[in-house]
Amino acid sequence: MSKTIETLDDVVIRFAGDSGDGMQLTGTQFTNTTALVGNDLSTLPDYPAEIRAPAGTLFGVSSFQLHFSSMDILTPGDYPDVLVAMNPAALKVHLKDLKKGGLILVNTDSFDDKNLNLAGYKTSPLTDGSLSNFQVIEVPVTKLTLNALQGMGLSQKVMVRCKNFFALGLMYWLYSRPTEPTEEWVHEKFGKEPELAEANIKALKAGYYYGETTEAFTSQFEVKPAQLKPGLYRNITGNEATALGVVAAAQKAGIPLYYASYPITPASDILHNLSAYKNFGVKTYQAEDEIAAAGAAVGASYAGNLAVTGTSGPGAALKSETISLGIMLELPLVIVDVQRGGPSTGLPTKTEQSDLMFVTYGRHGEAPAPVIAAATPADCFAMAYEAARIAVKYMTPVYLLTDGYLANGSEPWLVPDAKDLPAIPVSFRTDPENFHPYSRNENNVRPWALPGTPGLEHRIGGLEKANITGNVSYDPDNHDAMVHLRAEKVAGIAKDIPLQDVYGEQSGELLVVSWGGTFGAVRSSVDRLRKKGYKISHAHLRYLNPFPRNLGDVLKNFKKIFVPEINLGQLSKLLKTEYLTPVIQFNKVRGLPLRSTELEQAIINALGGAK
Amino acid sequence: MSKTIETLDDVVIRFAGDSGDGMQLTGTQFTNTTALVGNDLSTLPDYPAEIRAPAGTLFGVSSFQLHFSSMDILTPGDYPDVLVAMNPAALKVHLKDLKKGGLILVNTDSFDDKNLNLAGYKTSPLTDGSLSNFQVIEVPVTKLTLNALQGMGLSQKVMVRCKNFFALGLMYWLYSRPTEPTEEWVHEKFGKEPELAEANIKALKAGYYYGETTEAFTSQFEVKPAQLKPGLYRNITGNEATALGVVAAAQKAGIPLYYASYPITPASDILHNLSAYKNFGVKTYQAEDEIAAAGAAVGASYAGNLAVTGTSGPGAALKSETISLGIMLELPLVIVDVQRGGPSTGLPTKTEQSDLMFVTYGRHGEAPAPVIAAATPADCFAMAYEAARIAVKYMTPVYLLTDGYLANGSEPWLVPDAKDLPAIPVSFRTDPENFHPYSRNENNVRPWALPGTPGLEHRIGGLEKANITGNVSYDPDNHDAMVHLRAEKVAGIAKDIPLQDVYGEQSGELLVVSWGGTFGAVRSSVDRLRKKGYKISHAHLRYLNPFPRNLGDVLKNFKKIFVPEINLGQLSKLLKTEYLTPVIQFNKVRGLPLRSTELEQAIINALGGAK
Amino acid sequence: MAATNGNGEVQTKKYTAKDFASDQDVRWCPGCGDYSILAQVQRILPELDVPKEKHVFISGIGCSSRFPYYMNAYGVHGIHGRAPAIASGVKTANPDLTVWVATGDGDALSIGGNHIIHSLRRNIGLKILMFNNRIYGLTKGQYSPTSELGKKTKSTPFGTIDYPFNPVQLALGAEGTFVARSLDRDPKHLQQVLLRATKHNGTAFVEIYQNCNVFNDGAFFVFTEKETKPDNILYLEQGKPLVFGKENDKGIRLNGFTPEVVSLKDGKWSVSDILVYDETSFDLAVLLATFSDRAGFPTPIGVFYQVERKSYEKMMTEQIESVTKKRGAGDLDKLLKSGNTWVVSAN
Amino acid sequence: MAATNGNGEVQTKKYTAKDFASDQDVRWCPGCGDYSILAQVQRILPELDVPKEKHVFISGIGCSSRFPYYMNAYGVHGIHGRAPAIASGVKTANPDLTVWVATGDGDALSIGGNHIIHSLRRNIGLKILMFNNRIYGLTKGQYSPTSELGKKTKSTPFGTIDYPFNPVQLALGAEGTFVARSLDRDPKHLQQVLLRATKHNGTAFVEIYQNCNVFNDGAFFVFTEKETKPDNILYLEQGKPLVFGKENDKGIRLNGFTPEVVSLKDGKWSVSDILVYDETSFDLAVLLATFSDRAGFPTPIGVFYQVERKSYEKMMTEQIESVTKKRGAGDLDKLLKSGNTWVVSAN
């Protein structure tokens, strides 16, 4: 049966099911295939804090959203066009986000009384008319999967587990994607269990053929490849990119990478990724806690490695005292804070931007440290690399802020050639002549003098040090001078970072100023509003301390400064302090990326209403 | 031999000697006696980070400065009138601070080659003319002490140790103070070793008589009692006052005080003081570290005690994660941060004001907590009491900032009657009817429901909680609401704290805005300048978060805002953020109180120069 | 049994396990060993003389640390590793409460190691239940300080290089006064051990082998499954000889100072040659603790060691009482007006 | 002895103790036991085959933690309790260095307890010298986790209520592979123990009784003063019987599993009845560790336990080598371009 193929620019699909239903895997496979067919894309996985909550419950629902397009896109999308709901709970949780008229694919086999009950449905939404605003495609996914796998001699349990591949296959058909990449992946993954591989592939194909055969679908869709810049692409999550960024920095600096960490959501994947790169000489050290991780990183830095320690909010809190030591010792160190919902344990699997003030000011004493932040998943590579560059060049701990959304979200990354990455020159001091541990170069930077170097034996520590000699000093004027000197060293980095660029006109009515993981949402909102004729510009900050040296001038060129953040206004505070400029705040702290509709409305309001 | 008695308004004495010379004791005795004769006074002890550095070295010098007066005074004084130098190192270290023409009393017996050498003197300052700008009184203190104690059968070592009492006696004579209070103290202290008591008293009297007899002094001085407000006074250090403040709060609240802490300079004395108050039901818990101390405090608060945990910078850094839990749990808790020189170990025995940003913002996530600060040693009582009041009333962790100067410095305190202290009403929830752990009263405050109460069994924790029920909630909108709610609760405290008062005219050219331990230095500078005709006013903040609700208006009434701080401008940052007002900063981070001469000059400069 | 509440009033109602189940859905993975531990705790509580409002469950972070939510009692789900610190505050602030700590091998021995050893040393009356699944469950499968050397996990794709702790041995080294081990899949034994723990004054440390069927499935099957259990588990019972095996055909004998596994079948040794367990002997407890690391030896479960030592909170209370007796109850006004005072009179 | 430097070149110069003294004035209180420990370390270093730039001394905070400043070597005066963490980073980053940790009883066992036990467990090649003066010196006299129960200190005017740790026992419980004890006032013994520690691969933990003459004077005099030392100190020597006393007239005998002090004078027992020490026996080590807490028993000094176990840093290096061998040295460009890639061509 041949069907019409409709061409779309842009699709947002959300796969949702039980934690045990394999939705993350399904989403990832769809993403990879979509990348291969050349769409631009952006993803947003969302999973519960529970490992595997009891089947069928609302809090056990796991989802994966994917936005793909034949055009440049920047966000995983606010509202899905398509919802794949593997059970009633998934439908219940996600229905409210679906676009009006959107497509719902449900696995009818899971809509039994027990599951409806667990999801809190009094009547079945499939029959009570509550879905009448949507296009509902009812598919007995489980039954069809079982049918497809009949006779292979597999247990019922194993066969049922393959049902996500059936759904995946069906979606592949619907959006005209090839099944081969996933088939290859299955072969690789289940190489040692060939029946499992075969079963999954059979389910996949059964789903695909079901689409082709059944009358449920009248048309198939197609999303043409995007006009991406030519080159080699790779779909990458923020955590993968961060890991690659620090490996690349170490390789280019010619020193070993040392990653000390303690597992914590959503930062653990950086550790997982790096622990696989042993043949790059990467040392990963899973410490007993975050304090020990920070301590080991300080020690490794002292011994001449590129030391990095990654964590999330609660862990970053524990590291503060040790980072303060790193600041006194003036040793290079990268601290990655993958921000999540706070305070306390908060919403550990959700995203937030609420550690900006904390990493800027969260140490006792005057303890300045540079702070930079990644804008997109792929940008984590560039900014991790940049954090390392600054740390090594300025002999200082540097904070890199990413967040739960960037960490787990993915996008296509135009992979750079290793040889084109900027150099990270490292020169260890070896000459004993006139050596002083706290002598300084033109950037106020002291030498990196490694234990093991003959003739440079010296002692450093957390007590205030005499300028130049580095000896302990209780001298009041020396302390005053050193406090100022440390502050100036960090402030001086401003001359070594890019000027702030502005998207859109360089002056005007309103400038949207954002930072970190909200880049995509903000930029696409700005874009849409600009297309509608609103004269607004956008400055996205990747350098938070120090700010780019032209930022003050940039702000002055606009009548209104609009600052959207997933916190209560932390960048707002910094801008107000630094530039004494009023700002209009937009703060939604929902553990989720900003929603462009809300954001756009707020900008329009700031402009004085719709035009 | 009768001598003239000259009357002075004001004297600053600095006792300086080796760490082993007992200068802190000497200073304290002089202080207590001075308090008894009715002078106003202010003290500044200064001792090295080393316990007892080798005798005679520069870094081993310990000093105690005392300012006493027949008038109201607010600081220990910048520059001493009198320096008692027990050895060459003490002279070397402190001479530069002495007023021109000031009096130096030296123990000539210690000016031997070895000690001169250790102090870095090439030639003896007593003979090389370098002291010609001063009045030098040379006294062979050691020898005279030995003479006085001859025949008591004491060892040489013991006798030499008494020499500080000789010096003390001599100063008592010089400033016409009675020796009896110290004699009484000696009897009490050395009750079990009568020969030691006798020896010290003999040395004391020998010093006194030496003054009377010798020709070295042509006149004696007298400082008349100050016109203090009538009442019962007590000389008190900041740490003593803090300890009393929380004991008083617990007693008035009718709940036990629980103090969990880990020793750290300069906060340890709070623990020492409180550990003696067992008959007030005070529980002191010396934890294994600051994290455990904070944890135990949270636990004790949960169980219904008035929980307090005190520390200094590095320890406060370690507590952050646990305080963040306290904020999520909404439990009352007082965190005392006795600030010292940072970053890292910094200058552990010196004072600083550099934890303000840190306690305000030093927690991951949006984790708001009230911050208040004591202005003088005695004010530590009032502010510790106030911290407890706010904590209990608003079910929130509260930071109380004091500092090394306040902690160890002392002043006369007009002791309040216990019955006049404001009430601290505590009502534990007991009624199971309609009980919800996160229901709220008119101040957005949840109930304090203690384990052990029948029918209120409930669970709380660090994960985001549903409003009212307190159940774990991952709901995005609930999180947004709770983040805002927690912030509003703390902001709302503004209506429950005093309006900001202004010293001097309520509007004008320049307002000096200070906070914390600089009160004395700033107020006296302002006073002096006002006397000289400068039209300036002073607002000293004791409430830092939230600010007093009229502060914005107060600032608006002045053309210039001048903010002196012992940090790089932390209050300045907060004022700029909050009120978008430019400020003129004055920042000296020397580990010492601000010097009024520098401060006054800076204010004059800010006003556009001397008039 | 009639329970009395804290006020000494007799409570007529006898609890059942159900009374201790909270209204919250239990959110562990289906099949997780945590369910059994929860069930056994709920089952033994009715046998105690403690009203339910006097039970407080404090936890850190981890799958295991969700425990308090499921108990109908008071509870605090704290922060990672700090449960013993929080619990120490609760217990010393109000010794009248029965304070439990629910923790995992990572929570207790990795980030929380210091608090655990200090609670043990201080002997604060906490009942510490350490769910040892030899993995970080909640963060999805990194190795823990009890994971076997060489284990491949998310964070160690080429195998760990950390030698693990032996929790019982560590607890003994840290002056534990009650140290025991049990298993999620031996409900009766677990109940007995838990009951013993509740009777102990001072810190009771109970290691519970717990199956994480998602990230470390089967870690303890050799000790829990019918087939292998008898030859690999050694029940410790006070005053009883250390006999084990499917047919009780093996025993532990001391050869001088060295323990050995001997057969009771071949006639060479009989039960009378077998070491009789004495849980009051520290030396014996340490020796037995090492069995789980010794090839060829069965893994002991039960109470390794129990000794009476005055609890911290008891000494705290006594000290306050004795000082108060000596000095009289504190008078705030007097305290404020103590020290070096003087009067300035109006003039 | 000719020392080679790290590059294998022979260094002709033989060090003396003086070469290891830095130019900084030593700032401990006159009479402090720390001076002797410093002197002994400086004295033994020339006997090692290690050039001075390869020595790194890491410390925390405390009087004892000032140690690195006084050594003419590399050093970091870290933060309170974290020296083992920092040192672990140094040693694993560069295993070629000889990494020392100088720490106190508070630094190591109070705030730093977790790092200490984890270093021991991991067996990272650190030489940990724990100066035990049973007090917080630097903060002027609060009790520490090794202070005796009931001790009156600044923070416990009515006596402590904390039961102390036994550091040797704790280190053994934490899987220590080299655990020893010595005394500031027995320079020769201290030197021997330090030398043994330097020879050990893996974590060497040395508790050193140290007199704080300002805040806890005489805490160990019974073990160090001529009069009392012989009857109160038991020297542990591999393969030697455990004999002690002024005239070597007493010994330790095992009565079954129970140790007892017996007289060798009254004819009932002779040296041949006395327990011969074996530092490779964990069980024996634990038994001996408890002596310092047993009334009537002498306090053992020397090496309690030494066992060879591959060090953490060695396994780390080997793992990197073996993976590199298998996969080839990492190629950055290939790594960046790995994974799920596709090419977008210009159109």
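Chains here go by letter, A, B, C and D, matching the order in which they are written, and residues are numbered from 1 within each.
In this text, contacts are C-beta pairs under 8 Å (C-beta built on N, C-alpha and C of every residue); 3 or more make two chains touch, one makes a residue touch a chain.
Remember, predicted model here, so these are calculated numbers, not experimental data.
*Asks:* Farthest chain from subunit D, going by mean C-alpha coordinates, please.
*Replies:* Greatest centre separation from subunit D goes to chain A.
*Asks:* Consider the two chain pairs B-D and A-D; indicate the one with the greater count of contacting C-beta pairs.
*Replies:* Between B-D and A-D, contacts are more numerous in A-D.
*Asks:* Any idea how many Å lie between the Cα centroids of subunit C and subunit D?
*Replies:* Distance between chain centres: 30 Å.
*Asks:* What whole-Å value do you get for the distance between subunit A and subunit B if each is reduced to the mean of its CA atoms?
*Replies:* Here the centre of subunit B sits 46 Å away from the centre of subunit A.
*Asks:* Distance from the CA centroid of subunit B to that of subunit D, rounded to the nearest Å?
*Replies:* Once rounded, the distance between the two centres reads 39 Å.
*Asks:* Which subunit A residues touch at least two other chains?
*Replies:* Residues 49, 59, 278, 288-289, 291, 314, 321, 325, 329, 344-345, 461-463.
*Asks:* Where does subunit D touch two or more other chains at once, residue-wise?
*Replies:* Residues 61, 77, 79, 110-111, 113-114, 118, 145, 158, 162, 316, 319, 323.
*Asks:* Applying the document's contact rule, which stretches of subunit A touch subunit C when the two form their complex?
*Replies:* My answer: residues 49-55, 57, 59-60, 262-265, 268, 271-272, 275-276, 278, 284, 286, 288-290, 314, 344-345.
*Asks:* List the residues on subunit A that touch subunit D in their complex, please.
*Replies:* Counting only subunit A, the residues touching subunit D are 32, 35-36, 38, 225, 227-236, 240, 244, 247-248, 251-252, 256, 258, 260, 277-283, 285, 287-289, 291-305, 307, 321-322, 325, 329, 415-419, 450-463, 471-472.
*Asks:* Under the touch definition given earlier, write down the residues of subunit D that touch subunit A in their complex.
*Replies:* These residues of subunit D touch subunit A: 5-6, 22, 24, 51-54, 56-58, 61, 68-69, 71-79, 82, 85-94, 96-97, 114-115, 118, 316, 319-320, 323-324, 326-330, 332-333, 335-347.
*Asks:* In the complex, go through subunit B and note every residue touching subunit A.
*Replies:* For this pair, the touching residues of subunit B are 48-49, 59, 291, 312-314, 316-318, 320-321, 324-325, 327-329, 337, 339, 341-348, 350, 352, 354-355, 357-358, 360-367, 461-464, 474, 476-477, 479-480, 483-484, 486-487, 567-568, 573, 576-577, 580-582, 588-592.
*Asks:* Give every residue of subunit D touching subunit C within the complex, in rising order.
*Replies:* The contact residues of subunit D facing subunit C are 110-114, 117-118, 121-123, 145, 158-159, 161-166, 169-175, 254, 256-258, 281-284, 286-287, 290, 309, 312, 315-316, 319, 322-323.
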